[in-house]
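Please find one structure pasted underneath; my questions will follow.
Labels for the chains are A, B, C and D, by order of writing; each one numbers its residues from 1.
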Amino acid sequence: MEFRGIFPALTTPFAADGEVSLTSLKENIARYNKTGLAGYVAIGSTGESVLLGQEEAEAVLAAVKETAAPGKLLIAGTGAESTAETIARTKRAAALGYQAALVKTPYYYKPVYRAENYIRHYRAVADASPIPVLLYSVPVFTGVTLETPGILALAEHPNIAGIKDSSGSIQRVGEVVAGAPSAFHVLTGGAAVLYPALMVGAKGAILALASALPEKLVKLYDLVIQGKHEQAKELQLALAGASQRILTENGIAGLKYAMDLRGYHGGAPRLPLLPLTEEKKKQIAALMVMQEGSDVRG
Amino acid sequence: MEFRGIFPALTTPFAADGEVSLTSLKENIARYNKTGLAGYVAIGSTGESVLLGQEEAEAVLAAVKETAAPGKLLIAGTGAESTAETIARTKRAAALGYQAALVKTPYYYKPVYRAENYIRHYRAVADASPIPVLLYSVPVFTGVTLETPGILALAEHPNIAGIKDSSGSIQRVGEVVAGAPSAFHVLTGGAAVLYPALMVGAKGAILALASALPEKLVKLYDLVIQGKHEQAKELQLALAGASQRILTENGIAGLKYAMDLRGYHGGAPRLPLLPLTEEKKKQIAALMVMQEGSDVRG
Amino acid sequence: MEFRGIFPALTTPFAADGEVSLTSLKENIARYNKTGLAGYVAIGSTGESVLLGQEEAEAVLAAVKETAAPGKLLIAGTGAESTAETIARTKRAAALGYQAALVKTPYYYKPVYRAENYIRHYRAVADASPIPVLLYSVPVFTGVTLETPGILALAEHPNIAGIKDSSGSIQRVGEVVAGAPSAFHVLTGGAAVLYPALMVGAKGAILALASALPEKLVKLYDLVIQGKHEQAKELQLALAGASQRILTENGIAGLKYAMDLRGYHGGAPRLPLLPLTEEKKKQIAALMVMQEGSDVRG
Amino acid sequence: MEFRGIFPALTTPFAADGEVSLTSLKENIARYNKTGLAGYVAIGSTGESVLLGQEEAEAVLAAVKETAAPGKLLIAGTGAESTAETIARTKRAAALGYQAALVKTPYYYKPVYRAENYIRHYRAVADASPIPVLLYSVPVFTGVTLETPGILALAEHPNIAGIKDSSGSIQRVGEVVAGAPSAFHVLTGGAAVLYPALMVGAKGAILALASALPEKLVKLYDLVIQGKHEQAKELQLALAGASQRILTENGIAGLKYAMDLRGYHGGAPRLPLLPLTEEKKKQIAALMVMQEGSDVRG
């Protein structure tokens, strides 16, 4: 299985009463189906996974599976704090037709977690999983960073297919690409470093920003594949600011509003996440106009 | 309602097959009932709450409630990432007979959580809760610290009864005691700073170490109440090392082994937590012998 | 030699032309001489030591020595990044009549400094120094924390007399008091935790705030010595806010302005430190009025 | 003035008696003169600048100036904690014939330093300096990161010519390249991210590793300029490990030993830096053999 190209980390739309809106979700997917996105990641950090109940999460997974166009690779976020629960979620995702599982690091007991805990955890999950496992290192949320030696040890496992590294470190991307078997795929989680990550050997990216600007991120990927470096650099530099202002500063609420502006179903996040202030909305609207000006559809 | 004295953060015992052992739990409680502990905290960080399913958590709550001696104040850990789920858990704990809820800070989306998110979250929980709410700041696990101004704002809410502060900062204990209404109770989460915390106005403590050494921590509390400062200091200094070596270095696995050594049902934690190595067990055994030598039963 | 009681970390006054004003410094000292302060610490972090040239630093040391009343114990800040320069400064301080040297941890190359670097550094300094050495751990400025095992190893050296710990950790004060020889003196650097630090065995404190409020901090020390715990607690709680607002939020500029308000020579700090804004001045003025209301002279 | 290509951050060799060895330094420079290095950076972090006295630092600057081949651009590290001292050092460097000054951020009083302090500091230095100023952000040593908005504000100053960014963040390189005037040069300080930094618009690099492997780093730069991306990527991946193992893990002592192995005058660093253990020496020796195998001279 190849993990190449751009995967959006999907948001989870909520209806006015706060319930998950599967209708809105399916409409988003229907529109994404027409883009060059390589597949979908459901129930990840961007999907407010930690704010959903188990039934909600499975309903989302089923809806995405039902709506996704053929050929779109389907990845489910299945990481939980406990190894047993992570395995259970992974098996359910496989049963629902998902082709890979994205498993974030456990993190609550980080003061006593050592490299060995992560190695034991991921090996147990990969041993039990019917589908390939992607490691997921997202220190901004978890406070845990998977370091190169641990990643390389896990990369030897036949059912661990790659990593989503959201640390933003291009050095680590290079180290892992240099040290891991060629079948191990590195995906970056940072839209602001997509171009340099691809240049040192990443195969693609799982990006929250791709839920609002899928064409643009696919275009950047294509430019790199085509060796059009000057254009790639220009597009990357334009996107870096958007990523910072929409996502780093405003998180899921910012992303969802950017989606609203582009005609997707964004909406408000769940408490304790807060909707954007009017002032923030104006800033993001201005930013999106600039992006449109630079041809947002790629 | 008064939150005074020493509350153990209970561990959750597992049977050989990895399932929660309610029998072992009840036997632990039966023995704690004979001590001077003021009550019990079930399903907190020490109870491996994030490694339990919902049914398991409720079975633990029910078992503790069933076994606790009359007069022991019962506190349930009910904090979840989402505000709605926290409210649901809090209501279930109240329905099970718990007298207060200990609510840790949400933390996953910490890059965008501001003071306002925490204030909105806790107010919504306290508004909806049938029982008093205790804030819970535990930066070692969450990466989030409730700072003094936010705590003081929340301390005005009639259904927010206090805070468990596990940051170890005695300065913050003092600031909150000085600034909050007198009905707001500060409890420390640090056995190594119990004495100084009480000296600046904390009313008691919720302590993992009290699951292994309840008599000793109750004795320290009593010495302070009696104004026996020299003895209190000596006992505190002796306990600081035990707390560091058992809990800070080894976490729940260390605590459970110390419990085993004292005849409680400790046992192994769940994956991805790992059991102690034999070397670590020897270190803790040596430490516990020293504690016994200094009269571990108080 | 005993390091007991309250030592102010002296500020360095500058004249309108930006030069060190020895006259103003001497006038400050003359006034401090009439208080119960145990001695003086010159050329520490609060003295803007890293913003002074070598000649300036020595002129300050000489002026303090010349003006200090008999019986006031004199401590010089002599820590530099290199071991050799630290030794040179310590010898010069001794030659100028100083009775002890306060030596902050080296910190620039912290990514490769291990416990062994600090042990080698401090032993070399202590071996070469004609006067007793005090360790100085001030992570807020250096990013380096001296941990208990390293402190205890160094506490065995016959010429290392104690430590100024500015980490704010009362747990560490207790651990060091419990583990070090009785001749090793722990001094806290945190005015907001003076009372609890003394309660677990600290012998005194070196405090920036004592440059503005010497009588009050001496009074708190005296209350503790006299066993007047309720009054001590009240005074501590009142002081914690002042320490936070003046020093933690505003640093040396805040302290110097508080000194101005009390009739000392405070003045502006050197660039890149900036003077207070008018708004900040008003906040500190309001705070100092409150302190006066609670009897600022003790 | 153009800052393009590879500049080594020079080490400072010491003789057996611990004194600076200008002879060894000159011999190193003579050899570097024959490479494609663009110039030299003397008295930077790698030059143990914080462990040198003022006279030593100036002797080093003079020796480098005297030995450097014509056309090699000369940059002096002149950053001190105080603005005034930084200006004084910068003027002395200019008088000695240096063409630019590399000015690290002040950092000791970081708890109260805000963006404004850095802007005031750098503007004052740039206003007073006879030579162009390069900002220097090196959080690993200082704990301070110059963020994009502050850098862009300073980039407008006519005498601030660029930045050495040693944070390792490729995102920031891109943001600054995108937002600053074209005359503002971004240089990376990370050998492990040289290739991606150049791809997003950095003009070159100031690298400690270039003191041991100048040919290889120049070759990587040249490959990028020539658009030979596949070869550039391969060389970058090979170098990333060397950078991590030599410098990140072992610091200046590791670099100096790698220099010894390549026939330069490396030697031991000054206390409190420690020489390498024999085990570490063997590891670095093995690593350098591998680098030789991959054609260390480029």
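General remarks:
To be clear about the criterion, a residue touches a chain if its C-beta (ideal position, glycine included) is under 8 Å from a C-beta of that chain, and two chains touch if they have at least 3 such contacts.
Owing to the predicted nature of the structure, the values given are computational and were not obtained by experimental measurement.
Steps from subunit B to subunit D, minimised over paths through touching chains, total 2.
Centroids built from CA atoms put subunit C at 50 Å from subunit A. One simple way to say how far apart two chains are is to compare their mean CA positions; for subunit C and subunit D this gives 35 Å.
Of all residues in subunit D, none touches two or more other chains.
Chain contact topology: the protein chains form a single closed ring, every chain touching exactly two others. Those residues of subunit A lying in contact with subunit D across their complex are 168-171, 174-175, 177-179, 190, 192-193, 195-197, 199-201, 227, 229, 233, 236-238, 240-241, 244. If you check the complex, the residues on subunit C that touch subunit D are 18, 45, 50-53, 81-85, 106, 108-113, 116-118, 120-121, 124, 140-143, 248-253, 270-274.
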